[in-house]
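When the chains are written out, they are named A, B, C and D in that same order, and each has its own residue count from 1.
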């Protein structure tokens, strides 16, 4: 099964015993609430309930590990769905979310997240691995101000070319 | 046709195709570096009708955002609404009555046929044949009339609600849909005779713009773009949602990888959609169209939720990050044509401009859907 | 001498009037025909059956200002539409509509018509070059390569007919076909040649006419979905109007040639009414086919078009020429 | 050689088949509606802009609860009411619909619990001035009653 394969591949990136939940996470309302109020999640791989969340694997990695994680998915022939950001302003962090999925019937949706500081939002680009990440990264760059290091053409895509604002940041006021 | 010519650096010129150009079907701009008729390099410029739907999602409550989704893609609006209601229902745990699910599937498939019909017409018009567009619009008009009688609008339906539907279909609709299916099958035969069999049409599309499987994967292409390249990927089959597992239908896959394959996939998809509609009408259960108990105020528990659906243009994904309030914390719309269009820059290198524009037509672009 | 000159002037005036009237009402016919094919009514508001539409359109075009884009080559820009119209009108002078209705019959009529037809490509080149527009430029380059490619099979096919007739005089060619309907050049058996390939020559000639007049499916010069409007992208007002008239006048000339060379000119199968009416009937049936084809097929590609000419039409017409020559030698 | 000729032959046949289809279509009746001269009736569920519903006395049903105003995603409804002396219910004094921003989603009609607003069947809406689309629905109601 591709799910296990991917998971073991991704787990190899975390050599020290991380608090990895192996069982399928039980999601009840209280749990979610607890999660929301808790500290930001530690890096690691979590298996999610597909029928609740709509994806199977949720891996949070540090920006340095990002390329490694994406390379694992690339080797396993995942295709890129989208890249987006989430502004966690309370925690003073920005999250970049990478969605991957598969073309074959061995369905496995993988989400890779990486958290960065709001003050210095820089992550490496994955355009070297996935050429299709180009536009997604440009879009995330203009909406969140996240810099993708090494991106070949990081200019605004959807916004006007002289746009110097980042509309999806929570402290953006039109 | 790839260019056999070795270029000198100053032998090219920039051709600005768009934002207002007959072949771009909207305000899309492609900066093409040309060598005579050959494209050396292309850069697609999008965003001319960017409306920041994602930000709107963060400031509007869940029900208020319903109508935004149908504004994304004006040809296949139902599919996008479907994705939205599904993800919110999943997040908030709202049960949907079976009848509502069936009606949704019928509507989405009807809308898919309408969208593909328009694409068919516009595509042939891109290639210079005008009459097929008019025939396609006649059939599409039939669908629109049918759907207008139920939903009250012709293009930007706001028909799906969290938990169900805005209103029920009536017998008029059912009989009209039943009449429509044989009519559409007959029309499809006509289109195949008039267009698919035509030698000029064949010559223009055969072998044009081959997209490899690997390229589709790197760009995340879906819909006919992927299926024309031999990838058996259809969200309705790969990750069944709604009542699609109940239906018996095939996913057309062609291995030629060229524009003709993409055309054939879409033409066959229409037939498959008709099959789904037929089965849906047969199996349509009685019952309510809205759940008995439905939360007054929709507040999904905190967490993030993803839902992919197969719209007329491909795999549309919607990521909802909720913080437990009545507005979403973040709403990401993954539009299929965005990824499909992204292919264009790389794939059109070395093509002639006619072929490149035929290729662009085969991608089935709806610009508001790319720009969101 | 002066009488001949007067004759020619009157003929030219009549030709201009004929070309203009044809252009105007062929546009109407095309719009109505296209509409019928697409199950629309077409222009039907102005006048009975919308018959006043063409003159009103003409007035509108004439009333508009002729805009010349900045940086355009003014002389060529203005010359191009005139050049598009001029050869077509001149060609009318030598076309015999019946035994008696011909302005100036020449014994090298075919040669003259082809000489004028070649000028058409030049006007497109001028228009595309002088517009200072990349689309127009690309279109004119296409149009010229197309004109060159299709003149060859067209001429070869014409030579076949000339060989059978033994004359380049258009009157003479028609006279030889006038015995009965089966003597028309398109029919192989009783015809003058006993050449079984004649129907194919007709098809080749007809295809070349389509291509020479830049009609769909060979309207690569115009190619509205790729090159916006091709060579006349920058033209408005009567500049555009002249191109339009030129296009339709060329269609009429091309159809006239087809009728004369293959369909027996004004010779009548049943003799119900005078020959000129038969000529016009055949002419307009052919033009209707032009319209019908335009609204049925998608456009070819530029390389598809050139392949068709160089790989199919030219070899076939050359073979046809040799075959006909052989037949004439044998019989 | 055989392939060469069979391609030409099949190509020609396909062209003639296509011409046959357009020829048949030529003789079929037209399907269009010549719009300004003939119009279609709008279907029952057609969603035009909203109108107020009146009760038997000719007064609007609206009780000025403001639900529609809150439901509207684009904020195009503004209404006001006052409570006359000695009455229990509020009376509508102003109902402005800014149609320039309305997207005809129907949230307002759905949110209304008092059967106070409905869709009109109007679709002939065109003007060169923006102000023409700021509808005073109360005034429109009075106009209708005249």
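One rule holds for everything that comes next: a residue touches a chain if its C-beta (ideal position, glycine included) is under 8 Å from a C-beta of that chain, and two chains touch if they have at least 3 such contacts.
Values in this document were obtained by computation on a predicted structure and should not be read as measured data.
Q: What chain is most central when centres are computed from CA atoms?
A: When every chain is reduced to its C-alpha mean, the one closest to the whole-protein mean is B.
Q: Name the chain whose C-alpha centroid is farthest from the C-alpha centroid of chain A.
A: Result for max centroid distance from chain A is chain C.
Q: Determine the centre-to-centre distance between chain A and chain B, using the mean Cα coordinates as centres, and give it in whole Å.
A: It comes to 26 Å between the two C-alpha centres.
Q: Return the distance between the CA-based centres of chain B and chain C, expressed in whole Å.
A: Inter-chain centre distance comes to 43 Å.
Q: What whole-number Å value describes the gap between the mean CA coordinates of chain C and chain D?
A: It comes to 50 Å between the two C-alpha centres.
Q: Which residues of chain C are in contact with two or more other chains?
A: 37-40, 295-297
Q: Would you please write down the residue numbers of chain B that are in contact with two or more other chains?
A: Answer for chain B, listing residues that touch two or more other chains: 131, 135, 138, 194-195, 198, 200.
Q: If you go through all the chains, which pairs of them touch?
A: Touching chain pairs, listed by label, come out as A-B, B-C, B-D, C-D.
Q: So in the complex, which bits of chain C are touching chain B?
A: For this pair, the touching residues of chain C are 34, 37-40, 134-135, 138, 141-142, 216-217, 219, 223-226, 228, 295-304.
Q: For the complex, give me every residue of chain B touching chain C.
A: Those in contact with chain C are residues 1, 13, 15, 21-23, 34, 36-37, 124-131, 134-135, 138, 194-195, 198, 200-201, 203-204, 352-355, 357.
Q: Name, in rising order, each residue of chain B that touches chain A in their complex.
A: Of all residues in chain B, those touching chain A are 46-47, 50, 52, 54-55, 58, 87, 90, 216-221, 226, 231-233, 237-239, 301-308, 315, 317, 319, 321, 323-324, 329-330, 332, 334, 338-339, 342-343, 346, 371-372.
Q: Please output the residues of chain B touching chain D within their complex, sorted ascending.
A: Counting only chain B, the residues touching chain D are 60, 63-68, 71, 131, 135, 138, 145, 148-153, 156, 158, 166-167, 190, 193-195, 197-200.
Q: Can you tell me which positions in chain C touch chain D when the two form their complex?
A: These residues of chain C touch chain D: 33, 35-41, 44, 203, 292-293, 295-297, 312.
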